[in-house]
Structures are given as structure tokens and as C-alpha cells.
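Next up, some structures in C-alpha cells.
One chain, chain A, appears in both complexes that follow, with chain B as partner in the first and chain C in the second.
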Partner chain A sequence: MHGVSRAATGWIGPRRALRLREPAVGYLFVAPAVVLLIAVLVYPALTTLRLSVTLPGGQLGVQHYGQLLSDPLFWQVVRQTAAFVVASVSAHLLLGLGAALAVAGTVPARGLFRVVALLPWVVPDVVAGIVWKWILNPLYGVLNDLLMAGRLVDQPLEWLTHPSLAPLSLILANVWRGFPFVMVILLAGLQSIPQDLYEAASLDGAGSWARFRFVTLPGLRKVLVVALALDTIWEVRRFGLVQAMTGGGPGTLTEVLSTQVFKQYFQFYRFEYASAMAVAMTVLLLAVSLPYVRMIMQEE
Partner chain B sequence: MRRRAGTVLATAALLLLSVYVLFPFGWMLVTALKTEQEALRIPSTWWPHQPTLDAFVVMWTRKNYALYFFNSTVISLSTAVLSSAVGALAAYGFSRFPLRAGTFLMGFILTTQMLPGVLLVGPYFRMLSALGLYDTRTGLVIAFLTICLPFATWMMKGFIDSVPRELDEAARVDGCGWLGIFLRVVLPLSLPGLVATTLFAFLLAWGDLLWVSTLTHSESMVTVTLAIARTVQEFYVNWPELMAGALIGGLPSIVLYLALQRWFVQGLTAGAVKG
Partner chain C sequence: MRRSGGRLAAVAVVAALVWTLAPAIRAGEVVTLRFSNWHLVETVWGRSLREAIRIFESRNPGIRIVPEPISYGEKEARYQAECAARRMPDVVKLHNFSLAMFFELGCAADLTPFVQKEGADFLKSWYEFPIKSLTYKGRLMAMPGDYMSMVLIYNRELFRAAGLDPNRPPRTWEEFRDYARRLTRDTDGDGRVDQWGFSMPASKNPGLPLRILPMVWSFGADFLTPDGRRSAMNTPEFREAFRFIVELATVDRVTPPGVTTFGPQDVRIQMAHRRIAMKIGSGWTYPIVNAINPQLNAAEVLEAAPVPAGRRRITAAWLSGWIMSPHTAHPEAAWRFIKFLTSKETEKKFFEDNRVISSRKDVNLLPLVKMDKFSRVIVQELQHARLEPQLKEWPEIFDAFATALQEAITGAKPWERALLDAHTRVEGILARR
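Here is the complex of A and B:
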């Protein structure tokens, strides 16, 4: 849009003269948002950064980071967060893509499915956490009932307290909560692929796999990147679901970075250490999202 | 023939997926309608033998959920309106004015969208205490701006970009100033986007647990999500009541989404698909 109007007016000459005072007005519109963000977001972020390099005597130093990097619990939580995010996001993408492809076809009631499917994503993640906690309850939970009735297990599974089942249970709930968003985004992407591309591919003798591989996937490239990036950012930050469902347990086996920083800060009162962990988490998050930021900014 | 087989397969897959999506909601409702005794029966009953609304009544009246619901509503609505209004103003500025620092500032806002809440919650306690805003709804609205304002700006910019500039020019010829163009031309034409943005901000604020756990301490400031999270951590859990609480906590999101879903889905996907 910008490019077009610039080209049309031959942009340096007449346009400049006409809009001499524009930037000042423009900054007035932008100012409230920028000033607010500096006050409510940049200032506390910098405060945390300063706290993370403040030593007990008040002088500055990086000891808290040394302590952090030599703490096995920190690395354990980093690994657990990475596993949680990778498993959740890949399941969201696979299930979301599958569902989007199915809904894009000629399936009955697909409009209804599309509307209803987003419900798990719409409700608070705390709600998702506790309903799954109830379904997975070892004693009264309905999933164990079903598995026992179907003779798939002979005694109730400890979904939320068994060291290797608890992380899986969290992911099961989080897949339920998160795949619908990816489905909706990919569905919109599918509908924006011109139909004649498929027809042309068919004429060239492409089978359904070839059409998927050479028309659908390339057509979805951009929405896939957006869905992947947004979903990763959200899942790294996920807090309420974990807090409500397992509280990080058993032990520390389902702690993620968000819940761990929260505990270090508000339960153990290790403010400087917690700040260092939060800064480390932010650096990881920014590193992961940098390619996305660059892609978006290049489009601007 | 092969096409038919594909449709059958897709239908079966979607049927299974529907069960996965809907069962937890159904189970929440079924459990909430049971007596506690029945909810603890092994194996579970599929349908409440003596359906009762007791759990809802207890939560709403004796367990203070009416108050929690009120708190959540006031906080989320204020956040949603404030962040989409300020976001829309900024989006208009970015979209329509040749700002030298425009790209830098947009990048700044995009980056703030990435910052995790736990990076900020620590200092907030002291900041809000210094302002006398700790343990107030206003304090929470300020905190929620950190989640909602960055994305509201980006989302609105996408919509305002798609309003043709020729309309601005026409309005200017008719004597409209910059604010007039924004209020009378650009905003009405990006109304679906404004609805989507406001709803998204509302959902984010309504669903938060991290901030409400850290910036409040008195009973009169508890929100629905905090109440649910507190209950599940208690030693003894009354499941029908907790499921009733969860339904109360999920209902506004569900109702608003269903009412506005056309605009909402359009709004969510517009940014991702175009360009």
C-alpha cells in the first residue's frame, strides 16, 4: 500500500511538501502506547535486570548467573520446559494441520466443528488444567474407569504423580487446549490457496500426495511459520495450566521456567536468583523468536 | 470412489477429534450436576442420578464466586477497552504517517510482546505498592496492559492498513482533521478488527493466573481464575463444586466467543494470512 502511493506521487517531491507537519501528528497518535509500554513494561524489565546483577553488599556482579548456571535444578527445568514446548507445539501443528485438512474437505457439519473446536483455546488455561486433573484423577477419574473397563490396564494409573506419566498428562491437556488455534490459522491459510493451482497440478498428473507436497505445503508456508512462532512463544510462557494441574510436581519433575521463577521469587524469596532466572528465560525466548521478528519486520 | 473414501476417513477423524474437544466440557457439566457422593462413586456414573444445581448455588452464594466473577469482569473489560483504544490510536499513527522511527518503534512493540510475565512480576509488587495500587483492580489493569497492549497495536495495525487511504483523502477534502478521519472513517471501517482485538484482550486478561496470584492478597480482590487455582490446591477438593466453579470461570469466554466468533476468527487469521 505504502509502496503504491509513494510510486504514484513520486514520493520525495510534492508529497513531502504537502505533509510537512505530519510526523509530529503521527507521533502524537503513537505516543500513548509507547509511553505506557515504557512505564509498565520496560521499566520493570530493567528493574529485574538490575536486580539480577545486584550482590548482597549492593555492588554489581554476575555471581547470581554463575550460581544459576551451576545449579542442576535450573538445567533440569530448562530441559523440562524444552520438552514440554517441543512436544506441545509439534502435536499442535500435526493435529492442527490434520484437522484443518479434514475440515477443508466436504465433511458434514464442518462449519459447526470449526466453531466448536476453538472452545478449549478460548477458556482460561486454569480451567483446562483442572478439568483434566479431574479426568485423570487416579481414584475417581473417568479415564482410568474407561481403561479398566476396556481391560487396557489392570490397575489405575497414577497420571499426575507418576514421574514419567505426569509430564505426558500435562502435554495431553495442553494439546487439547492449544491445537484448535493452529487449526483455525491453517484453515484460513488453506482457503487462501487458489483453487486453480490444484486443478493445474491435477492436469499435470499430480496425485493427492503430490498436490499436498507441491501445492498445499508451499501455500501454507507463511501461516505455518506464524503459527509455529506464536505457539512456541505462548507455550514457553505457559503458567496457569501447569500451576493448576501439577503445581510442578511430583517433586520438581513438571516444573517449567515460568512456575520455577514464580516459586523462587514468591515462595523462597530469592529475588536476585529468581531475577537471573527470569532474564535467562527471556534471552532464550528472544533467541527462539528472533527469526520470526525478522520475518515480520521485513514485511513491514 | 477414492474421494468418497477420503471423505469417510476425514469424517471419522473429525468425529474422534470432536469427542476429544468436547468431552472435557461435557464432563465438567455432568460432574457439576452430581452430588459429591455420586461424583466419588467408582466406577463413575455417566449421567447424574439425581441432577442438582447445588454445586452452582454453593459456589455463587456461599463461596463468593459472585464477587470473584465481578472482579474478573471489571478488570478484563477495563483492560480490553483501554488496550484496544490505545492500540488503535498507535496503529493509526503507524499506518498513516511517515514516521522516521516507525519501524524501530514497531519492532520495539513486537519485542515487548515476547517478554515473559515472570520477567516483570517481581518489580511490580514494589512499583504498585509505591503508587498505592497493590491489591487493587486498577493495579491489575495496569499489569494486564503488558500482555494486551503490544498485540492489540499489531493486530489493529493490520486492520487499519487494509482500509484504503483514498477514503482518508476524501474525508480530508470534506474538512475532516486527523482525529476526525480516525474516528469517522478509519475506525468504523476496521470495526470487525476492533471487535476481534477487544475480545482477544478480554480473553487474555480473563484467563490470567500469574498476575492475579502476585498482585493481590485480600479476599475482596480475588478473581475467578485465582479462586479455581486456590481450590484445587486445597487438601480436600469437592469436585462437583470445583467443576461448577470452572464452568462459571469459562462461561464468559465461551459466550463472548460464540457471539462474536465470525469477527474473531476473521481477526485472528487476517494477520497471519495476508502479506
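Here is the complex of A and C:
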């Protein structure tokens, strides 16, 4: 090629050759991800669906769904899951918004505050459950010690075994663990609101509540929907924390859908019934995530 | 350009070959076996097992054992998933109630051909009962491991401090209740109870049946009718047993608060720190409690006695089995390892380290087992011991009971209502069969 131009030899060069095969190369690049998705999402989902309609003789039928709908424990667990999710997500939003506003503003040691506020979120689910179980332990727990030292109670409270306190304790631990996620999302949203809007509102005489009401909240609308949808999906699936703290007890008072699916499948060996329950849970999750999906599609 | 591309490809091919073949070249003839056991996560047992592995490897240089620790509660779920993916560890340990399910699922290799090769007398060293229990459809599917009866473990110092004779443990359930009341005390005079007579792991955990069954059975009750087709949880005997257990926590208040969240280890911690005086346990109790708090001087302070008797003298038996994966690539090596784990020498070591009783008669006849104060009682009580029902539905049936127990203890339901609901649920479970 010395002294002769590449064009003169008819050599089209690597870039052009690549451009010619672009569609094929594109498919090649996405193929590993597609194969992975099929292996870890599509295949298990189809297997679960098939199991859920497999009857003892190997025939297909929807009897397991019939059993599910007539099982009072299933409906009790659906109600409990709904209560757990609504309470957790609401508290996550309130606390997350408060924390996001705090760390976005001019608080002292803002960097440190951000790191500390994020800590609960980086703690693995099961570890958080075990830590809270110890905090709430009626014999050795630090919370009862503090309450008794402050003379707020005269007997240790049975946080995880009292029928009313156990669900509340679970929600309390879950709120602590989950609010930083909402905080991070809302913080990103807050930082994307143009400063000019606040300045204009101030010039118009808007106070801090009015600025929050008419600038911050409208500016956060989309991010709030995203946070709400994602948090709801995650809380419906919450497993490790519940399993580690109460195991669904006392009795079945803190059972949620994910712990029930686990029990039916791995402890009671009811593979088909557990699969039907998992499919029902997926349908529920799809319904919950529809507004989020619709919003994303509208944006696109 | 093309030449350098070719060179690059050649280098890549060589590198890939080296990377692929290197482990095989390094390993030579060494066979690697994956070995999973929940005891690997425990201080005392874990050490003992790792020592045994080292001994085995030194005698079998061609076999390398890779320990895979797992939690007690997680093992069935993980092994099932691994079995379905044909990735189950080569050798695992399970206890009797889940063994039946693994046999049914085809998650255990048939050990009969290996045993037959060892000769006609090979199994004669074991008790007949464990061998029979691990035989499924005429084939031996697991080799017996520990075989123990559940007994009453108590703290003689706390007995003495409460004015009770430490050499005379309770023999009946009424006596037991009376002892437990006297052992529930405020020991530091601050007006609050800080020592309880009895504790049990009443959370939903696989250790609960072993502690509950002796009580239920000794009241003359059972979970199922003799033909196994109906629930027997509505019989007067069962109601009496259930009420007795519930009232230990609700009326007598001889159990620590939060009993429905306790697992077996919580109860051991309570015993190690003198917070409770009595518990139901077995051979493993003393070494674990001793490891938690060596200052307790568990060997001296703790005692074992038969579980109190009601209408009949009966207790629950613990039996574990060593399983070979049906998908192992090295069945001969896996069998050699199982044979080593169940040999007289290794079982003796396990006794010395962990105080677990072997299912081998020749080990239990050794003077060190016969002279040990815990083992003597545990071996003696084996004649009154029964295994948990080996039914596929047993975990779900017992879950119905545990749910009722928790509901009654925490006051979520009156005990009669909780038990009736459990009975109805068990009837539903059995109707599906």
C-alpha cells in the first residue's frame, strides 16, 4: 500500500465495511443481553406459568387458580400485603421528600448528611431484618431498654409478637430501610427544577409554602410517579426483611405474598400452587406498574 | 494490518485454550467433591467437620472436598433448586423429615449398589431402625448419621438456687409446670422477672417439631389418626396437650417474653446466660451452650433427664442422613467420602467433638459414650423415641399447628379457636392427597 491511496486500490476501510453490516452487527451486540434475558426472565416466567396450570396427572387446567381464589389465607395475605405496601410507600414518600428537601437545601454538613441518610438503603434486606429483630428483642433489645430508662413503659414491649405491634414494627423497619431510595430519586428531581422559577416566584411575593406548592411539587410530579411506581413494585416483592424479622408470624399476621410463595414452594413442596400464587402476584404487580409504563411510553 | 489482526486472533485462541485447559492440567487426577452441610456454619461442628475433611483428604490424595456452608433453614430450598438444575452438591446432610421428600423428588442417589459391594455384614454395625427409615421403596437412599432422642436439659445450679433438688428432675408434666413456676424468678431484686423456668423455640422453624412432639405424644395425643387420613387435632388429648403448652406462656408465664420469635439458637443463648433453667434438647446442646458462654461451665452445671411423662413415656427422635447427589459426576469418590463420614472412627470423633450420638451401635458401646452423663440418657431414651411423620405434607401440617400455637400464645385468638382453625386446615391439607 506504500505510496498508493487506499481509495485507488478499492479498499473500503474498516469503518465502511462495518457500516455495511451494521444491522447484523447490531443484532450481534444485543444478542448476549437478549439470551441472558430469555434465560433469567422469560424461561423462568414460562416455567412458572406452565407449572401453575399443571395438574397432578400432568394434564393442564386452572384448578390451582380456583383453589387460590377460595383460599381464605391467600386473601388475608393479599390484604396484609396491600396494607404493608400502602403504609411503607406513603411513609417512604413523606420521609424521602422531607430528606430530599433537607439535603438539597443549605443544611450544615450536607455531604455527611447525604451519606448517613443513604446508609439504610445500602444495608441488605436480611441484615436489616436481623438488626431490627435484635433492636426489638424483648429480652436484650435496645429499644425496650431506652423506653424503660426513660420511664415511658414499665414492662418490655413485645414488638414482634404482639398481634397489633408486630405489623407496625415491620412497617417501621421497612420505612427506615426504604426511604433513602425515594430521597435519591426526589433529590435528582429537585436539582432539575430551574432556579429561575424560584427566583420569579420570590419576586412575585411567594412565600416558602407557595414556592413548594406551585414550583417544587409540579416540578417533581413525574419523578414522584416514578418513585411511587418503583417503590410500590419493590415493596410488593419485599421478602428478606419480613422473613428475617417475623417469618410471617405471629400466626400468619405478618405474612405477605412473597413469604407465602416461598413457603408454599420450598417448605410445603406445593410447586404448582405456589406457581399460581406467583403468577397472581405478577398480575398484581403489572397492574400496579401500568401508570409508570404508560408514562414512560407517553414520553417516548 | 491484516497480519496484525491474524496475530491477535492467534494469541486470543492460544490464550483461550490455556485458560480452558489450565485447571484440568493443574488438577491432574484430582477429583473435586462439593460437600454441603449446615453444621459448617457452626463454631464447634464446623471445626470438627473441617478436621474430618482434612483427615479424609490426607488419606485420599486424589479427592478434594470443597465445603459449602448453608443455613439450617435454607438447605431444603437450595438443594431442591440445585437438584432441579442438576447442580446439587455431591454429598449433603439432611434430617429425617425432609429426606422422604428428597427421595420422592429423585434428589438422592440409590446407595444400595455401593453398600452391596461392601459385603453382607456392612450394615450390621448400625441400628436397624435408622436403616429402615432411610430405605425408600426397598432401596437404601441415605446413610444414617446422628441418631438421638430429645431429652430435658436443665441447669442444676438454678435448681439449687430455687430450692429444688438438682438430682431429682421433674418426671411428670404437672411436676414440670411446678418446677418451672419456682424457677421463674427475679434474681436481682429489681422487681422484674429475669430468669424463667423453661423456654422453647416457638417461631416457625424446623427445630420446633422436635421440641413439641414429645409433649404432644406424651399426653397421649397425635397429629393424625392412625391411618394417617384425618386430623386428630380435635381429640381431648390433643386439646389438653395444646392448652398445657400455651398456658406455660400465657397463664404460668414461665417462658421469657417473645417466645414465638425464638429459634433454637435463641433458647441456647438464654440457657448459656442463665436466663432459663430448662429446655428440651439433645446431644448437641451441651457443646453449643458451652461455646456460647464457657464461663457457665456447662459440663458441670447442665444435666440431662428424660422428658417428663404424661399418659405415656415417649419422646421424639432425631435422625440425619448423608445423601449422594443423583447427578454427581464422581459417585465412587462420593461414596468413599460418605463411608468415611459414617465410619466408626469418624462417628467417634463427631461424638468427642459435638456430643452427637451415632446411629452405629458399635460407637454407642464405646466406654466414652456410655460414661458420658448426657449421652447415657440420650441413648437410654432412644427406646422410647419416635421419628417425626415422614409425610410430604408434614411441614404444612406442622405449620398449621405452629400458626395456632403462636396465635394462642400471643392472644391473637383464644386457644380453642386457634386449635380448631388448625384442625380444619389440616383436614383440608389431607383432603388434597
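We adopt the following convention: the second predicted complex is superposed on the first by the 277 of 300 C-alpha atoms of A that agree within 3 Å, B and C clash if a C-alpha of one lies under 4 Å from a C-alpha of the other, contacts with A are read in each partner's own complex, and residues count from 1 in each chain.
Going forward, contacts are C-beta pairs under 8 Å (C-beta built on N, C-alpha and C of every residue); 3 or more make two chains touch, one makes a residue touch a chain.
Being a predicted model, the structure only gives us computed values, none of them experimental.
Superposition note: with chain A as the common reference, chain B and chain C are in steric clash.
In the superposed model, A:Ser70 makes contact with neither chain B nor chain C. Looking at the shared chain after the overlay, A:Ile130 reaches chain B, while chain C stays out of its contact range.
Among chain B and chain C, the chain that touches a larger number of residues in chain A is B.
Of the two partner chains placed around the shared chain by superposition, chain C is the only one that A:Gln267 touches, whereas chain B remains out of contact.
Legend: residue contacts after superposition of the two complexes on their common chain; A:Gly248 is shown touching chain C, with no touch to chain B.
Legend: residue contacts after superposition of the two complexes on their common chain; A:Gln195 is shown touching neither chain B nor chain C. In the superposed pair of complexes, A:Leu139 makes contact with chain B and with chain C alike.
Shared-chain residue A:His162: touches chain C; no touch with chain B.
Once the two complexes are overlaid on the shared chain, A:Ile233 sits against chain B while remaining clear of chain C.
Once the two structures sit on top of each other via chain A, chain B runs into chain C at 258-266, and not at any other stretch of 132-140, 168-176, 186-194 or 258-266.
Shared interface residues of chain A, touching chain B in one complex and chain C in the other, are 133, 137, 139, 247, 262, 265-266. Residues of chain A touching chain C in their complex: 133, 137-139, 155-156, 158, 160-163, 246-253, 262-263, 265-270. If you check the complex, the residues on chain A that touch chain B are 1, 5, 19, 22-23, 25-30, 32-34, 36-37, 40-45, 47-48, 51, 95, 98-99, 101-103, 105-108, 110, 113-120, 122-135, 137, 139-142, 145, 148-149, 176, 180-181, 184-185, 187-189, 192, 208, 222-223, 226-227, 233, 236-237, 239-240, 243-244, 247, 257-258, 261-262, 265-266, 271, 274-275, 278-279, 281-282, 285-286, 289, 293, 296-297, 299-300. Here chain B touches chain A in the complex through residues 6-7, 10-11, 13-14, 17-18, 20-25, 27-28, 31, 39-44, 86-87, 89-90, 92-94, 96-100, 102-103, 105-124, 126-127, 142-143, 145-146, 149-150, 153, 161, 165, 178, 182, 203, 206-210, 213-214, 224-225, 228-229, 232-233, 239, 242-243, 246, 249-250, 253-254, 257-258, 261, 265, 268-269, 271-273, 275, going by the rule given at the top. Within the complex formed with chain A, the chain C residues making contact are 76-77, 80, 101, 192, 203-205, 256-261, 270, 275, 392-393, 395-396, 399, 403-404, 406-407, 409-413, 418.
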